[in-house]
Amino acid sequence: MRPQASPAPPVLDVRDLDVVYALTGGQQMRAVERLSFAIGRGQTLALVGESGCGKSSVAKAVMQLVPTAGGVIRLEGQALGPLGGDALKRLRRRFQMIFQDPISSLNPQRTVRQILEFPLKVNGLFDKSESERRIRATLDIVGLDSQQMLGRYPHEFSGGQCQRISIARALILDPVLLVCDEPVSALDVSVRAQVLNLLGELRQRLGLSMLFISHDLAVVRNVADCIAVMYLGRICEAGDAQHLLEHPAHPYTVALLSAVLHADPAVPPRRVALQGEMPSPLSLPTGCRFRTRCPGAQALCAAAEPALTALADGRQVACHFPYSVARPAANASAFFQPEDIAP
Amino acid sequence: MLIVLALLSVATFSMLELLPGSVVDAMLSDNARPEEIARLQHALGLDLPMHLRFLGWLGNALQGDLGRSPLSGESVSAAITHRLPVSILLMLLAQVLALLIALPLGIWAGSNAGRRVDRWLSGGAFGVLAVPHFVLGLLLILLFAIWLRWFPATGYVPFGAEPLASIHSLALPAATLALVEAPIYLRLLRSDIASTLRAPYITVARAKGLSERQILLRHALRPSSFSLITVLGINVGHLIGGAVIIETLFALPGLGRLLIEAITQRDFVTLQGLVLFIGVAFVAVNLVVDAVYALLDPRVGVRHAR
Amino acid sequence: MRAEWCAPGRWWRGKPRARALLRLGLPCAWLLGVLFLALAADWLPLPSPTDMDFAAAGQGPGTAHLLGLDLDGRDIFARLAHGARVSLIVCSVAPLIGLVFGSALGLLAAYYGGVLRTAILALLDAMLAFPSLVFALGLTVVLGPSVHNVALALGVMSIPAFARIARANALPLIGREFVLAARTAGASDWQIMLREILPNMALSLLTYALTITSVMIVAEGSLSFLGVGVPPPTPSWGGMIADGRESLERVPHVSLIPAAAMFLTVLSLNLLGDGLRQRRSPGLA
Amino acid sequence: QKRGGTLTIGMEAEFSGFNPAKARIFNQNTLAPASSVLETLFVFEGAQIVPRLGLDYAEAPDRLSATVRLRPGVTFHDGTPFNADAVVAHYAWLLAPGTGINLSPIAPLKTVEKVDEMSVRFVLRQPWVALQSALAAENLVNFIGSPAALKNDPEGFHRKPIGTGPFIFKEWQAGDRIVMERNPHYWEPQLPYLERLIYRVLPDANTRYQSIKSGQVDIGRMDTASHVLDARKNPQIKVHEYQGSGAISWNFNAAKEPFNDQRVRAAVVHAFNAKAMLDTFFLGTTVATTDLFGPNSPWFCPRLNWRSHDLAKARALLAEVGKPVKFQLVSTNTPTGRRQAGMVQQFAKEAGMEVDIRLTEQSQNVRVGLSGDYQMGVWRFGDITGEPDGALAYYFGGENGTPVSRHDTARIDALLGKARAEPDQARRKALYCDIAQIVSDEAYQLIPIRVTYYAIASPKVRNLGPITNSIIRTRSVWIGQ
Amino acid sequence: MNRQTRLHDAALLRVRHLGVQFQTAQGPLHALTDVSLDVERARTLAIVGESGSGKSVLACSILRLLGPAAQTAPEAQIFFGAQDLLRLERSAMQAVRGRRIAMVFQDPMTALNPVRPIGVQLAEGLQLHLRLSRQAAQERATGLLAQVGIGSPERRMAQLPHQLSGGMRQRVVIAMAVACEPELLIADEPTTALDVTVQAEILDLLRGLQRGRQMAMILVTHDLGVAAGYADDIAVMYAGQIVEQAPTAALLRQPRMPYTRDLLRAIARLDDPPHALLHSIAGRPPVVRALAGGCRYAPRCDRRTMQCEAAQPGLESVACAEGAHWSTPLSTGMSAFGRPGGAHAVRCWHPLEIAA
């Protein structure tokens, strides 16, 4: 599969990303292993997976908040890794992040105005009247009333409002890429809907690209164009959102989907139970890393680790025995690099 | 740890260099003459350059030889071993007393945080805290040694000879120290217990049907004792080096007195050895404290801000 | 609507306002009084704190001299007022030194890892392990006994404690998401430390400084007791207590009045610090 | 029944050791325990010189030597016999060049020769009438220790002296205590009475006093007035006192401004209000000086014109000087030192002089005096028991080096030389009074107040001799009921 | 499940007119107002609502676990069997806690004492309530661990909470709760802190245990999906009040309270098209400081009228979706729950019409 034949490079291009944490006692933990994906302009990639599988680590690595142990991260074609200090700082305004906990991500000692001014000041964009206009405009975009908000402190706002403020803070620098690390997990259903709607609207209006991290498949379904499912630091399945959700090929994706509860008693639970617990990332099982919990594990799974290979419909799966694909994909995802796709 | 000790000995040495005067002043007669001063300085090696003296001292110290006081002629290690028992016993008694006061009261106040008991106990703790220890010691002497004659005012009976008399002789200084420290312990324990009692697992314990008493002793006490132990460790570390004011007040031959005499008499050999010893003791105590943490809180990788 | 809300068996005891006034108002009043005396000592119609009236030495409190005279016939009230200045300088300068350097070291040790952190922690441990009295004695001997040197010595001694508090407060803050957010906005380490982290630990540090302030007053007294405090004729509370203690049984007021002043001041500071700790607004971490 | 019991003595400071080559020879605090272990040839009992290790003293006609017969049958605690060899060895060791020992108390002594097994001859450089008196002074130079011990293990002797005295040194726990036990072979058969002696170091006066009061300590030196007054009221405690020629003194540095001007020195002396200090500081426990030596001394000079408090005179002198006088007073950082300095400051202020105070530690005070880095300093004027020659030479003469006050010593040196060779006591006394007059006229030192030595003891302590030179002597003390 | 046997039982737990207020620095805060509900043996009642709606306060006040800042309305009653829990002695209450009513808390990370081995924490309740010896309690605890699906339970007994994964910890917490075979289990958001896959396992486990022991269960959650999958009845809370309660199917299929409907609409569904616009509710729930006033949802409701703002509606029974079934208002006493078809009650002046 070729990327959509456009000369412009993808907004975010991550290739063979490794994130390794040094633990106390000299141990090393590979939280993310040889991870590759790309996000085109205006597109949203969702990263899903169990807690601790390395989703946040990917986000932080993209944001250059943790050192990468290997691989290249390119933003609009420019590799971030080799950029040092000032160059990176200048580039930082192009990609911004939204965090899971809306309250914790705002400095409790600063007013909303100070919070929103800060990115401008740091980037030397501050200019009294112009900034004021910009702040008000951004607050408008996220649907907050600037009149009432500016002089107040974060703890005076609800979680949804706080999350809007932190979205405004990210937007004020005009980024092309928004990395959202579980931006709605901490919110109530009613508020969650507001924020999801807002993100969708922004995507349309501003043409933002997004890396959206969540473990809630229903949410992912709502925001994502394509989905990458992670398990223990590696991608186990990736592809077009709708297709992947409707026809999961990897047993883990199947299990994940089956665990979604419907607020409708008519939909019978059809759970695929996973066995056991997630293995420790410090002592991975041999062969396929999912095999210890896989209902269909076989001898081969313990012997060899499956590579991420493309199925006929363009989806990529890292499984020796993927679920059969019922029907070919209508519009196969093209966001994965050709190199990753086995012939 | 080694860095800490290295820093310590360099710091001591350079500080001593800055102090005006030398041990020679204390040794010489009132009408000494310059030649005598020079001769003594030479004899004591004080005329060598500083770094040579430091290296020499360090070399000896590493071999366990802390030198010999030019004043009393006693070897520093002997001086320390003579006085250490006093300081240790005083420290132990004081800490035990302080804990005996602070533990029950701290638990009581902590489990009644915000109520009247708590306010009174806190107020009382602040009250005791506000009395300087030299005043406190004096009041105790007046009350218990002069008026009531229950305890001796001063002096120390060696523990080895008569343990009970020894403890009796240290009762007042230990009580003074304990009274100074108990309020601090009490406050620490109180606030930790109060915040532990707000932890979800305490609610879980309540939901299990445990009585308040069981909850306090089984569930709340251990996780609430970390700050107490940290401060206890620091205090123990410091008190091994002697409690200068208390020892002066009660005329106890502990390390604190040795310290202050070494300073006033510019007995740098003793001072240097002593500071090193205190540093080692401090570091050792903190290692013990770390071990106690590990016992109390077996979570691996959890590091308490020391 | 419903009048009597109560938990079974428990009734609400009424507004805590009066009690709060007692707990914060009285200490504040006392401290302001001391502050006023210290600042205005020179202009108030007080007898000179150094003039000795030998004929009346050791006179008890009375009409001529409000709080009596000390052993050398100096007016105790005047000496208290002037001595408050020493205590004030010591207890404001010393915690300030500890606050500034301690928070800086603690913050750096929390923020950076590696060699810097190891070095700072070793330095702090060494400072903690160094017998504080040796340091104070040494410093006042080297630099000469004076109010400022006493303050300096006490201040340096309080650095490790402040550093610990600062580090303990900074560590959880550093993991907080608003710090990451500032990083992603392109803020430098300095900006993050000063703008994002420091304001959030300021309150605990200041509260601790208030507690330490009272410790400093007592510590100044201890130094005076050991003879390395502020030199005469400058009066200091610790010195006054120490001077009078030999005659405690003969003329108790000479020692007990400054001891009482110190007691009340230290108590007030502690109560105030405690009050502040409890009043922390819930929105602040 | 006088025998038995333990006497605990509270001491004011840590001991400085007993080897004269390493310690201060005059440190009273060390001399007290030393005097229980070590003995001199002669000793003062009151103003009387009595034999101790020496039996009698015969001066040669040319007064350039003297022969001393030694007490037979005495042995040191280590078993070494006491004889002429021991005495000769002791002095040979002292007089050997390069020991650095402070020999000023016996400065004119040239050598000591053995006459026979039990007598020795002291050979002098110049006639010196005060030799016997000098030998009777209790200081580390005159205490005769076991020569074997001194030679073989000077370090050990420093920490554990071996002498002939009534008590045997057991141990010295630095900073805490010295323990001694009765010498069963003491040459005076029924002495000593006590079984055990403990010298405890209690530097804090208040602590020492409370220890005596509460019975942990039997006797201790006290000089804080309030304690003495309190003790006098207390029937449980006995107050022993002795007044000699010791005095509180301050000296002026005559080599420095403003005290190179005799009028300024005199002005300070006149400004000093001894009465005020006696009333407030000493609370009547001692008296003002009227001369150098004190009314109880055989050298007392009743007709001296002694400068004393006279504010008018002080102001007049200052007016004469014409310029404002401002100086620094160096004092010790003990409570006493601080208080007294404050008072001097107040006195000077009343006369129109400005004083600021510098505090040093006790041990540094000596260095300050020696280096001359001061304007006015605290000094002390020790108790003169026998001949005043040594003390006067030390304080005011120039033969053993410049005195601390750095004045011109020519006149005093001449008088001292004359007195040294003057066998007639009355005429010697006249010469010494002349010196006293010069000291007062020239105001080399400010010597305003006598020291009364106090010892506060439990009434059980019996037969305590006079505490001359502030030394508590234990030889014949016994414990009653 | 045998509905016939239950038919004539009085409800196990009957909460009546429960009001709770907190004394805060800004004045009183009404966390619960006039809450009445019944829970019957072997049935599960889900309580759903937004954060801050008072779910946890309700759960905790049944066991009287609220701190001293909480005050209960004087007319409140919580009948458990024949006992009014609010009027029990302290020691009697302690005997009920853990033994007859047990609770599972939201966060398995903090619900276990971090410094004590889980075995000890598990056995504690057994020793206390069942007077078992140490040995017996340990054995029983090991069995419990196996029952909740923890492998090699002997080894786990000695481990500390931090050595277990979140899912395992929650299993331990559940084992702790069911150890003494309580009659009522209150689970306060037992899966919110857990992963989706683990969440389903835990809920299955709870359901299994409940059925095995004929326990009644109160399942507190903010996830309507959880409620839909696991509860027999659902009570929806808003701002300290129960605004709608009905059998699960009735409530989800035919909500009568506008708030419930809005909540259901706001949920993202797997079968919605991508980028579908979700219905959101404007505004935020009120903080109730005074009891007067109209319907608490009125400011956010699209069906509000003058009446809604003027007076508060009571919780009234309405027609059930499956069949017109009217019953007396709950407040008058007898439960209308547990009947075939169930009762539907709603606190609204203008309940939504039943769709054709």
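Lettered A, B, C, D and E in written order, each chain numbered from 1.
Methods note: a contact is a pair of C-beta atoms (placed from the backbone, for glycine too) under 8 Å apart; a residue touches a chain by one contact, two chains touch by 3 or more.
In this text, all values refer to a predicted model and were calculated from it rather than measured experimentally.
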Fill in the blank from the handout: Every chain in contact with both chain B and chain D is listed here as C
Handout entry: Chain pair, B-C or C-D, that carries the greater number of C-beta contacts
Key = B-C
Exercise for the section: Among all other chains, pick the one whose mean CA position is farthest from the mean CA position of chain A. Expected result: D
Exercise for the section: Report the inter-chain centroid distance for chain C and chain D in whole angstrom, where each centroid is the mean of the CA atoms. Expected result: 46
Practice task
Mind checking the centre-to-centre distance between chain B and chain E? Centres are C-alpha means, answer in whole Å.
Solution key: 54
Fill in the blank from the handout: Taking each chain's centre as the mean of its CA atoms, chain C sits from chain E at a distance in Å of 51
Problem - Centre-of-Cα separation between chain E and chain D, whole angstrom - result: 92
Practice task
Please list all residues of chain B that touch 2 or more other chains.
Solution key: 20, 138, 248
Exercise for the section: Indicate the residues of chain A shared as contacts by at least two other chains. Expected result: none
Problem - For chain D, residues contacting two or more additional chains - result: 206, 361
Handout entry: Touching residues on chain D, where the partner in the complex is chain B
Key = 14-17, 19, 22-26, 98, 100, 102, 104, 155, 158-159, 172-177, 200-204, 206-208, 210-211, 213-217, 361-364, 366-367, 369-370, 394, 400-401
Practice task
Provide the residue numbers of chain D that touch chain C in the complex, in ascending order.
Solution key: 205-206, 224, 226-227, 229-230, 273, 276, 279-281, 333-335, 338-339, 341-343, 345-346, 357-359, 361
Problem - Complex contacts: residues of chain C adjacent to chain B - result: 118-119, 122-123, 125-126, 128-135, 137-138, 141-142, 164, 167-168, 171, 214, 218, 221-222, 225-226, 238, 241-242, 245, 248-249, 255, 259, 262-267, 270-271, 274
Practice task
Using the touch rule from the top, collect the residues of chain B that touch chain D in their complex.
Solution key: 20-21, 25-33, 36, 39-40, 69-74, 79, 82-83, 138, 141, 145-146, 149, 152-156, 248-251, 253, 257-258, 261, 264-266
Handout entry: Partner chain C, residues of chain A touching it in the complex
Key = 60, 63, 65, 89-90, 92-93, 95-97, 99-101, 104-110, 118-119, 122-123, 153-156, 166, 169-170, 173
